[in-house]
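Supplied in structure tokens, the structure appears directly below.
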């Protein structure tokens, strides 16, 4: 698939809460086809400590406006600097990168996300809707003040909510949510994205319940397009590249323990 | 003399022409006493190729507004980046650095500047006026479209003008200006700042005419406050530091040939 | 052998070239130095394999590759018709392994040269160990020279007291061309976790941070030996490339910069041409070693 | 000897301390390593002496100083009562010169230690030449050890194949403490003028660019010898300082960072204290060499 390194223009930078914001970025040329699960590599201009690009999932694609969105959690200098971007600023992206979530054959799909890991699920929801499928969402946040965009997700499917401190939705991690208490689980497939520990827990639970599960990994990357071999993950086929063979993997294929 | 490393706020950034701009910077704390000829070391934030600070002469001090001004010529990344600063931005300065022009005992003083080298002369003019002295200015520019702030200089004394291409004032270098054709030269002291070649030419001419001359050097600097020994200039006393014993030197003391 | 222009891409930073076909026409490049090939399959080092550092990065990939047999049978057919020179980076843990790989690559018609990697800091045996002692550097070079009939390039490690001594030792062994530099051995620590950032504790430092060291070594070696030099280390743009050529590089490689801007190599080619035009210099050849030092 | 805190300033980057009195109270510092002192007056190298590089700088000052006699008579009286440890960086071109300077400094009551600089890359004879060969490193250390009765620190050059071998050689010579690292030998070229940027063509690279190499060397030496280490190389903030302590430094030096922010050393002292509080660590001593590697 053809890849590009292009400047995008910041259309909006919406602060969701103290640690998260959404950038809407407009391309100068028509966007190519992009699939949910794919990511971009962001060049953080003018941030002296930021040498390498930073990978971010594609949160949403709006072909009509020729924009894509990133949902960013402030972690270090790179993401902090991205948070300072203003309407009209340029941001250079290499895109579209990586594989994508598989396309399910039924409606009975659960999209599980935690924190900034919810990013690709919005795009996936929209994508499934266009294929006349309505997924369920299970999204987890640290606490109520980080819960955001629930209305948006609700457009694409039913939303279950959990927070670590119980201040909104059910209390606890997503794996403790009552959705997972059902036997058998009323889903044909689970798609999951979030912190490593969460993805591991969800994939274990899915395996126990006999439901296929795909996870989207966030391994550290140098290039993002398959040439540096820094982002590898151990699978049943040996070392695979998160940025090419992933970031989406069938959870059953991963050897979790060795991953970082 | 006490020195400081403080954030200043950009009050205005006035473009003079394509290659020059004036930054007016406001201190949070009351400015200490600053002398004409002194300089600041600017930290160019967020410009990845700019590791070291950049030295700039103090162009003007306004104690009432608690501001100082820098006149900057765009040379490389650092100065280019400073040109992008906007009202309200922060800029960290180490100041006040270096020695100062001597205080003349008579009115018969010529201030010679070329290009961005005119920077300290505005401050010197104001300073001399406060001591009830009115200097003459001889300022040289590449061409008419770079001539600027003549009205300002005129407040402090008479202004002679030259441009390399003759598009404004007299044609040629400052040393070719008719001011220097007078014998004897009607000045007790010359103060000069500009490109090395110009300062060398002016100091030779001054020596021929028997007029004491002070030049303000622009040697490359790492620290700016006397500890790295990178900015040295050969004088009759051996190697001296441009940032401490200078930037202003009695031209007769310099061994020009070895300087760069 | 000749390159259509002096801009090539560094081993380990460009895969086998295929991934970059998604970005531009590989025929623009002077050449491609493909990822290290060893005697047999290597899984490489554990994750995490990289750390960002000021103006650079550490890597500890550890020569992950599927081995020379796979290279000849699976990869070579896919890349041999790229419209540019393909040079294979040959690695190993023993002299026999280097020799074996070189013999196999010697048979591949479409490969005009190998680059002997005696400078990888990220494997326990072999690699850099060969490249930091003059006598073993000569020995491994000579052993490969005996079996390899085409252009033999040898890639030097900067982790040495005297790079010119090593360069001379490798010339004694029969090298046709020297490549320098490979990565500097470095380390990164996460102060919060109090742990090394990469799994192998130490790794190879690349990127602009090492450019001054690389330029110095190219210059020292240019003065010490008479064979051509392929220069690299932190080249990010045409100006950097020109500096390496002035210091004595006939050809330059772009490594880590490919990660920051996948389009960087063609941009460097263009930038060099602009520079030559602006300075009225007829050919890139004219700036090789042309540094004015007096 | 003990330092009131682990943060000191590096030789050549802090003058004799006096200039920094204009910025803050020197009594805040753990110690000050003053500019190199040689046997007699040295004018140093020609201008230009510096070049900016990615995340670093090259310098080629060349040990400019007025000689040991001037130091003892003119400078020492001015600085001996600073409320912090003053350590003199001792340099020379011959073993006799090192010995002579060390003997003179030995007489100064207010100086508890010297730092033997066998690693300056910017002078023709002496300096680094002593520091890159184990046998001469031992020899010069031993010669100074014989005449110097207080704490003998030796500052190592990173421009070597094996830093732990050099470290051991210096320990054999009788060093009490090792300082590492001095600058990496580098070079900068101005592509437009086609000339080297600094007068000596090559110079010493310092700043964050070299931090990964410095950390690696501190870690290697920490594992190889039993004497305390003073670590430096690119420390810009408290996090960097903590990384050097985790890798095995008992004390750290702040060098080039003083040029970027004259207030940096007191800020690092504060930052280390905050880190210790946040991690519930009783003393800075507890993180020395505490890197978790399994």
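Note that the chains take the letters A, B, C and D in the order they are written out, and that residue 1 is the start of every chain.
Here, a contact is a pair of C-beta atoms (placed from the backbone, for glycine too) under 8 Å apart; a residue touches a chain by one contact, two chains touch by 3 or more.
Since the structure is predicted, the reported quantities are computational estimates derived from the model, not experimental observations.
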Touch-network distance, subunit A to subunit D, counted in steps: 2
Distance between the centres, which are taken as Cα means, of subunit C and subunit A, whole angstrom: 36
Centroid spacing, where centroids are CA-atom means, of subunit B and subunit C in whole angstrom: 47
Distance from subunit D to subunit C - Cα centre to Cα centre, in angstrom: 33
Overlap residues in subunit C, where contacts from two or more other chains coincide: 53-56, 207
Sequence positions of subunit A contacting 2 or more other chains: 48
Arrangement of touching chains [line / ring / star / complete / other]: ring
Touching chain combinations (by label order): A-B, A-C, B-D, C-D
Residues of subunit C defined as touching subunit D within the complex: 51, 53-56, 58, 132-133, 159-161, 184-189, 191, 193-196, 201-202, 205, 207-213, 215-216, 219, 234, 239, 242-243, 246-247, 275, 287, 290-293
Subunit B contact footprint on subunit D (complex, rising order): 12-15, 19-20, 22-23, 35, 43-44, 46-50, 52-57, 59, 61, 64, 207, 256, 258-263
Subunit A contact footprint on subunit B (complex, rising order): 46-48
Subunit C-facing residues of subunit A, complex: 1-5, 43, 49-53, 94, 219-220, 222-234, 238-239, 244, 258-260
